[in-house]
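In this document, chain identifiers A, B, C, D, E, F, G and H correspond to the written order of the chains, with residue numbering beginning at 1 in each.
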């Protein structure tokens, strides 16, 4: 089984956030891999990873980082595989603003598909939407997942219906 | 009894905030309803709700949401009933700024009456002020409530008068 | 003819923004008045205005202000008529943040229905939505206005259809 | 020729920003379409567009919007086609912060691939990277474009080499 | 003994912050008073307080408030006694930004002497500096307090000198 | 004639802002002086100025600065004369936020009375309010100035009364 | 042994942050000293320290401060030794923004080498990089430390390899 | 003559800002070089430059960049030469916040010495302060430059002395 999605994090302290991406891919039965790579501490490994990812079968890269979060952008510099960036509210981060801005505001030519703060699960969903472009089987999984989202709201309404107020109709 | 105010939330995780709106309406004996609807997970139900609310007797809608808080604006797109938006500092929210800006900054033509962060009670008070425009009975309730606000400050001063400092006059 | 909506501004330098509220009410043929009142320079007139507005027939107040924008909140302190606040990006304002926050973040008990930065027209639209709660004639005007909004987009698409690219389908 | 990418904007005032996306797709010879749709003024057309886009052959949607920028998120609510959001610093926008946050901070389940402020060209590049996942021909175009990016810097260095200072080596 | 400084707060929930102002005035033996007044809940009492404060002997007013913090500015509207504003990071406040901006950014003609977030003690110190302009006795107290500030740093250095590192000189 | 107020600026590029302080003091006939002193370029002169200001008759200091605006705080470190800080939106400043925060957020013990961004005139008004504590003649000038503020609003209302709309009452 | 680096803090409450600078210098066996000096409470000692530091053998100064953090800039005003500023998220600080901006935004002529929020260890590393310019022995220590940084990532990857998912490759 | 300082920019559009660094080094007769390198468009050249800079005689690197400004941090990843980062308010930048945060907030182990927004001249001054650690000749130049800074203020005071007001002393 060949990994199609590569989940990269700058530090294992980001694992509690990034593992929700892994869980979603696992649930949808999309083969993936997990790696720790630092744009600043292991810059050569980042280059090595990014330049060889396509030939290894990787089609989407999910990269999470916090603070001056260069990892997604630096990977995007070395490959034309789409890179999804997950800004992480790390302990060094200023409420997440640094993480968001240093991933989102990439210069012309090198986009990073940025998702919300700590939104690793959304990154995984987005990766499956990308993969579904050329893969009917994944497309079906993605559509089924989308249908399942309504249920949460249906349950929420049941919960609300049990709340009692005199003037609640 | 027909509900005049509809309180909508995007998720039951918003209930601890939004229930203070329900409590205030209950206290003032204004018939209301509570619903969970998601602009993103149940978009068709949102449309259905918004287009039929007026004929069901709803005259004001209070919608609370957090993060990229589209719910109040999307409801306002489908109805000309006034919509009061409550920005919620949800767990995914960046200190509430995302919730505030995505409710407040609506485009020309589709206003949302925005109240402060987590200010669901103020949303309820505002809804009764709106209802009182054409309803003398509600107007009286609103005026009585307003008069009661002074008491909190009167009590506060009693508390302050009991604090002892040598040079306090 | 008795004014139903009162448009208040803290300074005539706010007129270029606030007149779009007047224009919309004029277009919908809703009787209104225009006043300059300053929460800080004429505090007693503000009190006088606010406490007598209801008996003069005013049912909605639109108040615009910039910087430490206290005017909408101070008016709301003296009346239970709904107050719509328009934060203005005045010359003294810090990109509008001060105007927004000092109108939006009202304490419990005294809501101000806040619209977007400089969004005086939206304030007028919202005032007509409020008035329509107890007035079928205004309700019809509001609904007609809402229907007219689509046209702008229809025209926009005509404009887009005239743009030529070789690979545009 | 069937459009694969759909470029949507909330208003033609966004065209000066969004046309750089069209230009890039044209340059790379990727069939695309241009539409104006408003999440708030034409909500039913948005639903209609989004639910039928896949069967019309659309594989990536690029949606630009400013202020309380709901368009990308509302489209994403109705389809599992990947949606790329372009936050636009519109005239009503507060330095772009509202546009960014109301696109980026989508709730769990409904991601929008957000690019930088006004970065419509980067959105187009990202759309081609996504399309290249299942399309060798597009993959080659994307790789060639990436190689061309270096040249700008090479020219920049030539320009710098002509600047004369006595102590410049 | 006649109070010279009046400490005002919008709510007793602000007392834990504002009492450090009272403590400092007590320590320096400056007669003061403590009051709760709300710009929004008791607007007439605020006017009454402010217009009569000078004749009662008050020479400086310290007013603390959070959120849309109008209290200092509204008091300043009614009197020419200098008003010191203390922005409070209240529970409804957005990290204190709303409190700061709605006190600091007063319009031309009505200044409020703003101190740092929650800085009630600094407000008290500033009030004594103002009183010392025409009062030699208070001037001496203020100067003595200023001299005492150095001691904290001297003690801090003693503490640092006891920390042992091999390479600490 | 002995100066009572000293207006200090960090650079003559701040003069266009700070001269409105000078103009107001001139208008109220309060003797003042103007100086350029830099906390960073002439730190010893700042110390010299601050330590000798009281014996020269200075009773209030107004200090304006932009960017990392240390001047007001550094002066306040050397004297117990009240220091009013004017944050200036200088060319190096980030929309004025740096200027505001580095003046406002002084540590315990050393307050600076901060006014709004670029609000040099308000600083001058505040300085006269402080001087009026022990000076009946200045008190009268301050009260007269305060009374004159209403006129601006009276004129504004005349201007508004001339605007014609069919539905303006 | 003569100290080459001087670590200064404005208050011992900053010690828990600043001691990580001391620990790093200790580990690399660079002689250093620790001092508490306040730009506002002990301004003359700051001048005395800064003007004499060079002749005492100090070659780099690390200064940490929070709130209106003037200490690094004030030291830089008195010496041409490079000053590294550490913005500290102190209890009085507004999420660290005040600390960052009042250190970073120094006026032309007086730079402070600013590091990230609370990044005292990075300040120590930077100080050793500066010292290594003219010192081969320190250069070797710095290079060795840099090589050691990769190991953390290597260990992180080992940890990730032990996480089990069915679809993890 | 061998360059000691290398000035790097991500794009020649940054030249109007970065040339003030070159001018200052030229004025102080410090040999330097100017290069354009992009962390994202020419990542391999950045690596090549950074790993060989020391052996070519470079002792300080000044790197300017805007938006998601990764250049200074990526260079710092490959070398232990001190790197001074200049955040640039580029056209794509959000008022400079993105540039500042993505340079300043580097992770532990890889500091960048950040200067103020657009403060390229301060970066050059800081570079000479660093070089002066092991070089008496440069130390003298740096000290002379520092002495010259006072003159600007002396001239400013002459200008202020010529301003005439009746009550200016």
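To be clear about the criterion, a residue touches a chain if its C-beta (ideal position, glycine included) is under 8 Å from a C-beta of that chain, and two chains touch if they have at least 3 such contacts.
Keep in mind the model is a prediction, meaning the values are calculated, not measured.
*Asks:* Hey, how far apart are chain D and chain H in touch steps, shortest way?
*Replies:* Counted as steps through touching chains, the separation is 1.
*Asks:* Once the contact rule is applied, which chains count as partners of both chain E and chain G?
*Replies:* F
*Asks:* Looking at where chain A touches chain D, is over half of the residue numbers used by both copies, so same, or under half, so different?
*Replies:* Comparing the two copies, chain A and chain D contact each other through largely the same residue numbers, since over half are shared.
*Asks:* Count the C-beta pairs in contact for G-H and for C-F, then report the pair with the higher count.
*Replies:* Output for the comparison: G-H.
*Asks:* What is the size of the turn, to the nearest 5°, that moves the C-alpha atoms of chain B onto the matching ones in chain E?
*Replies:* 90
*Asks:* Can you give the whole-Å distance between the Cα centres of chain A and chain B?
*Replies:* Once rounded, the distance between the two centres reads 34 Å.
*Asks:* Counting in whole Å, what is the centre-to-centre distance of chain E and chain H, each centre being its mean C-alpha position?
*Replies:* Between these chains, centre-to-centre, one finds 41 Å.
*Asks:* What whole-number Å value describes the gap between the mean CA coordinates of chain E and chain F?
*Replies:* Each chain's C-alpha centroid was found; their separation is 19 Å.
*Asks:* Name the residues of chain C that each touch 2 or more other chains.
*Replies:* 11, 38, 40-41, 67-68, 92, 94-95, 97, 100, 104-106, 108-110, 116-117, 119, 149
*Asks:* Can you identify all of the chain pairs that touch?
*Replies:* Here the touching pairs of chains are A-B, A-D, A-G, A-H, B-C, B-D, B-E, C-D, C-E, C-F, D-H, E-F, E-G, F-G, F-H, G-H.
*Asks:* Quick check: in the complex, which residue numbers of chain C touch chain F?
*Replies:* 1-3, 9, 11-12, 15, 19, 22-23, 25-26, 29-38, 40-42, 45, 67-68, 92, 94-95
*Asks:* Spell out the part of chain D that touches chain A in their complex, as residue ranges.
*Replies:* 59-60, 80-82, 84, 100, 104-106, 108-117, 119, 121-123, 125-126, 129-135, 139, 142-143, 146, 149
*Asks:* Looking at the complex, which residues from chain E come into contact with chain G?
*Replies:* 95-97, 100, 116-119, 149-150, 152-153, 156-157, 159-160, 163, 165-169
*Asks:* Which part of chain A faces chain H closely enough to touch in the complex?
*Replies:* My answer: residues 10-11, 38-41, 43-44, 47, 67-70, 73-74, 76-78, 92-94, 97-98, 101-110.
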